[in-house]
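Each structure below appears as structure tokens.
There are two complexes below, and they share chain A, which is joined by chain B in the first and by chain C in the second.
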Partner chain A sequence: MLFKNTYNEFIKIVSKPRSYLGLGALTVLIGLIIFAMKADGESMVSFVTASFEQTLSFNGKLVNGNLIAFIILQMLVVHIPLLIALVTGDLISGEAAMGTIRMLASKPISRTQIVLSKFIAGAIYTLVITLWLGILSLLVSHLVFGSGDLMVLNSDGLVILPEADILWRFGLAFCVAYLSLLTVATLSICLSAFAENSIGPIVATMAIIIIFTIIGSLDVTVFDTIKPYLFTTHMASWRSFFEDPVPFDDIINSIVILLTHIVLLVGITLFKFNRKDITS
Partner chain B sequence: MKKVQNHRKQYFLLFGFLFAAFGGGFAQEPEKVIDKINAKITSVKDYTVNAHIDADIPMIKIMPSNAKIYFKQKDKVKIESKGITILPKQGFTELNTFLSDKSKYSAVFGDSLKINGTDTRLINIIPNAASGEIVLAKIWVDQKNSVIMRSQVTTQTNGTVKTDFKYGSQLRYGLPSELKFEIDVKKFKMPKSVAADINKTSTDPKKAKEKKRTKGTITITLSDYKVNGGLSDAIFKDKKK
Partner chain C sequence: MEQQTIIKVRNLSKKFGSFEAVKNVSFTVHKGDVFGFLGPNGAGKSTTIRCLLSLISPDNGSIELFDKSLQRNRSEILANIGSIIEKPDFYKYLSAQKNLEIFARISGADVSKKEIHEMLDFVGLGDRAKHKVKGFSHGMKQRLGIAQTLLHKPELIILDEPTTGLDPQGIIEIRNLILRLKNEQNKTILLSSHQLSEIELIANRMVIINQGRSIVEGSVDELLNSEETMVRIEIDSVDSALELVRSRFNPAEITRTSAKELEVLISKKRIPDLTKELVLAGFTIHAVEPKRKLEDYFIKTIQS
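After this line comes the complex of A and B, so read on.
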């Protein structure tokens, strides 16, 4: 029954035009980034290396498919939560707004299973978006720019990773990025259980992400104790796969924090939905 | 007998005096030493060489890489590599080009120094013009083989670069088998706006210590020289443009 309901939920997602908004927006954005990098990628890279180039010269293909894929991932992981929340934030509240929630609850399926099937359908949609991001960013940028060593700039300096040592990093980075996006999807579904309209959970999800991101980036000691527990702090942990050596302990910690958020948010949603008054 | 001994003493004293007074004339002047170095350098019309580059630079992490270097007189250099390689901005041709024009500088002998078991003599190269890129150059020369064993070049824009040279099979051409550059990195500043991991604050003491390092080294091991094989100018044209 859970599987059938999940299938139904996914069909509902697929039949909504807004679900394609995310895929369309991703395609356009990635196209734009690739076009911009093709036109002026060298000068963008030289902006990064300018400080070093007074003393050193960088030889080889700096602008390549791996760098473009990394830039795309870095740029879009910040914006994709909105595209995800646009669909998942509507999963429960949309039913409440349209009045179909009563019909749904009258089916021979527990409320817990209803919620779980919505979570699974939301997770599948999130996976589709992440895969689309991966396919477009990696395949298209490799087709346009070719392969090469990856130069990554982080707060500790430049890391240059050999071409042969990159693909597995992208694979695992996409997995962790998916977990981050799944946390956002879970948050929006959770907020959706509290709302009666679609806009509220979507806006609230983005507001929470913005507030948490600002708290995380503020260098104020008063927030130091809560920063490690904010899911937004760990949303960029996919980047850690591009450090050398890879800080696996930090990544595992981030995965644990993100999974804890997911479990907690699913728990809260189940608690709320099982007690939700759907008769009025 | 005593008279003969006195004469001998006088001859020795006279010889010693003459050697002290005119002996300097037999020693080489710094310009002549540089001439010999230049003669070796100009005997190489072109070369290709395989390079293994190992960089240890604060704030940059890069695995050792391989490249092929093409050189053609007077200052054409091309570096071909499959991946990304980092090399010092100066150090391959600038010093040799500068030394080849004697009107641009004055040379003064300095102290002697043993470098890797080889006796060397310091020559200070002082540019005549104040506006040139090179502010001061010091070269430690193996006078026996007429090769530079160490150089320390201070430029207007790139700070000071110290280079240690090791020689192998191409000693007769004055081409090194290993170059070790020591570069000044205190000017490196990370553009925070593009670092992107704004949520991340490094607390690792190792990384903090790494950031405080002001010197970096780049070691280039050169092998399989092909000297005076006749390189076409087309090789040095940038394909991208």
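After this line comes the complex of A and C, so read on.
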């Protein structure tokens, strides 16, 4: 029954026009970034490298597919949660708003299975969005700009990663980015179980991300104890794969925190939905 | 022979905050019954029905369906129930056929595409199978709702206000569908409705609930026949007829309602004698029509 309802959920997602908003928006945004970098990428990179030119000599093509893919990932991972929440925040509350939750919950399928099938479908949708982001950013960037060494500027300074040492980093970075987005999807599905309309969970998800991000960026001592446990703190941990050496301990810690969030949020959703009186 | 019990509700209670929506409601539905579930707005009908479908958890009482506890055999029981609660809602962005496929997949039965098409034909939506539900009228959605309830061939059908919001044509269509289910497929049907005439026409047993309590339960015929009936008589000479009826039958109530019509409150058994007497006395009778009895019975029961 879980498999059958997951299939149902997937049919519902692919039939909703809003599900294509994310893919469409990503395509447009990536197209815009690639266009902008093609038009003015060299001068933008020169601006960054200017301060190093007295001590370093830059050879080869700095504006290449790897750099553009990195920039795209950095720019869009912040905005993709909204596109994810747009679909996943509607998965339970949308059924309540439409009235179909009555039909669904009066069928011989347990409420736990209803919730789990929605989580699985939401996870698949999130994976599709992440893969689309990966394919567009890596493939199109390489087609337009070609390959080359990756130059990354982080808090420790400038890191130059050789061309042959990059692909695996992107692969793992996308995996961790997926886990971050999956946490957002799980949060919005959880909020969806508490609401009877679609907008509430979507707005609430974004509000939580904004509040947590602000808390994470504030240099205030009282927040220092909670910062390591906020999922938003770990949403950019994919960037660590572009450090040299890669801080695997920090990345594993982030993965554990994100997975803990996912498990807790699924648990809360199951607890709420199993006890919910369906009166709508 | 003892009839098989399909629904057995005992002392069902449910509170929402401090509001007691259902208080010790009890009733029994037998196999093959078309069971009328009556009550004014806010009486607790929908809450009771939602408890039967495990949409709401009752605070107290027991629900047995097919002689099994709903709490312990939820999936097995729900696989044998088809239901429409208030209004059937569907995924508007999907076609009628896709909607039925979605519900069929989780109905607990293997339903083929051919059976889905047959069901759409049965409810008169065969030619709209590929159309999106967002373009359907309320009546079409109700018919699609009936199709959805029957897809997995359930033994029990629960219909909560299936004719709400329908035009007269739609009401007749749904009524005929229910009658076909009763007569052709011998389904057990629990029918909650505001349309008392509908219940009177198709139900064989009923319960009336008010303010969350069950007040009366029994056979529709027995409950209604225990009362006298108001009969409307359309006749040529009203005043003389009125005198004759009053002197011969001494009715509890007799009223001249218009120049060609009078109303008599009389036992159903005496209606043939009354008609015969009027004909023998030379009156020309154009119509003898019992007024809807359930309406009167319902109002009296609720008021008492």
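In the analysis below, the second predicted complex is superposed on the first by the 277 of 280 C-alpha atoms of A that agree within 3 Å, B and C clash if a C-alpha of one lies under 4 Å from a C-alpha of the other, contacts with A are read in each partner's own complex, and residues count from 1 in each chain.
Going forward, contacts are C-beta pairs under 8 Å (C-beta built on N, C-alpha and C of every residue); 3 or more make two chains touch, one makes a residue touch a chain.
All figures in this text were calculated on a predicted structure; none of them were measured in a lab.
In the superposed model, A:105 makes contact with chain C only, not with chain B.
In the superposition on chain A, A:157 contacts chain B only, with no contact to chain C. By the touch criterion stated above, A:225 is placed in contact with neither chain B nor chain C. Of the two partner chains placed by the overlay, only chain B lies in contact with A:47; chain C stays clear of it. Put chain B and chain C next to each other and count what each touches on chain A; the higher total goes to B. Of the two partner chains placed by superposition, only chain B is touched by A:149; chain C is not. Touch criterion met: A:233 reaches chain B, while chain C stays clear of it.
Overlaid on A, the two complexes show chain B and chain C touching no common residue of chain A.
Every residue of chain A that touches chain C in the complex is listed here, in rising order: 1, 4-5, 7-8, 11-12, 15-17, 98-100, 102-110, 275, 277-279.
Within the complex formed with chain A, the chain B residues making contact are 57-63, 65, 67, 79, 81-89, 157-159, 161, 183-185, 187-192, 194-202, 207, 210-211.
Across the complex, chain A is touched by residues 16, 50, 53-57, 74-79, 81, 83, 85-94, 98, 102-103, 105-108, 148 of chain C. Interface residues of chain A, counted against chain B in their complex, comprise 47-48, 50-62, 74, 148-149, 151, 153-163, 213, 216-217, 219, 227, 232-233, 236, 239, 244.
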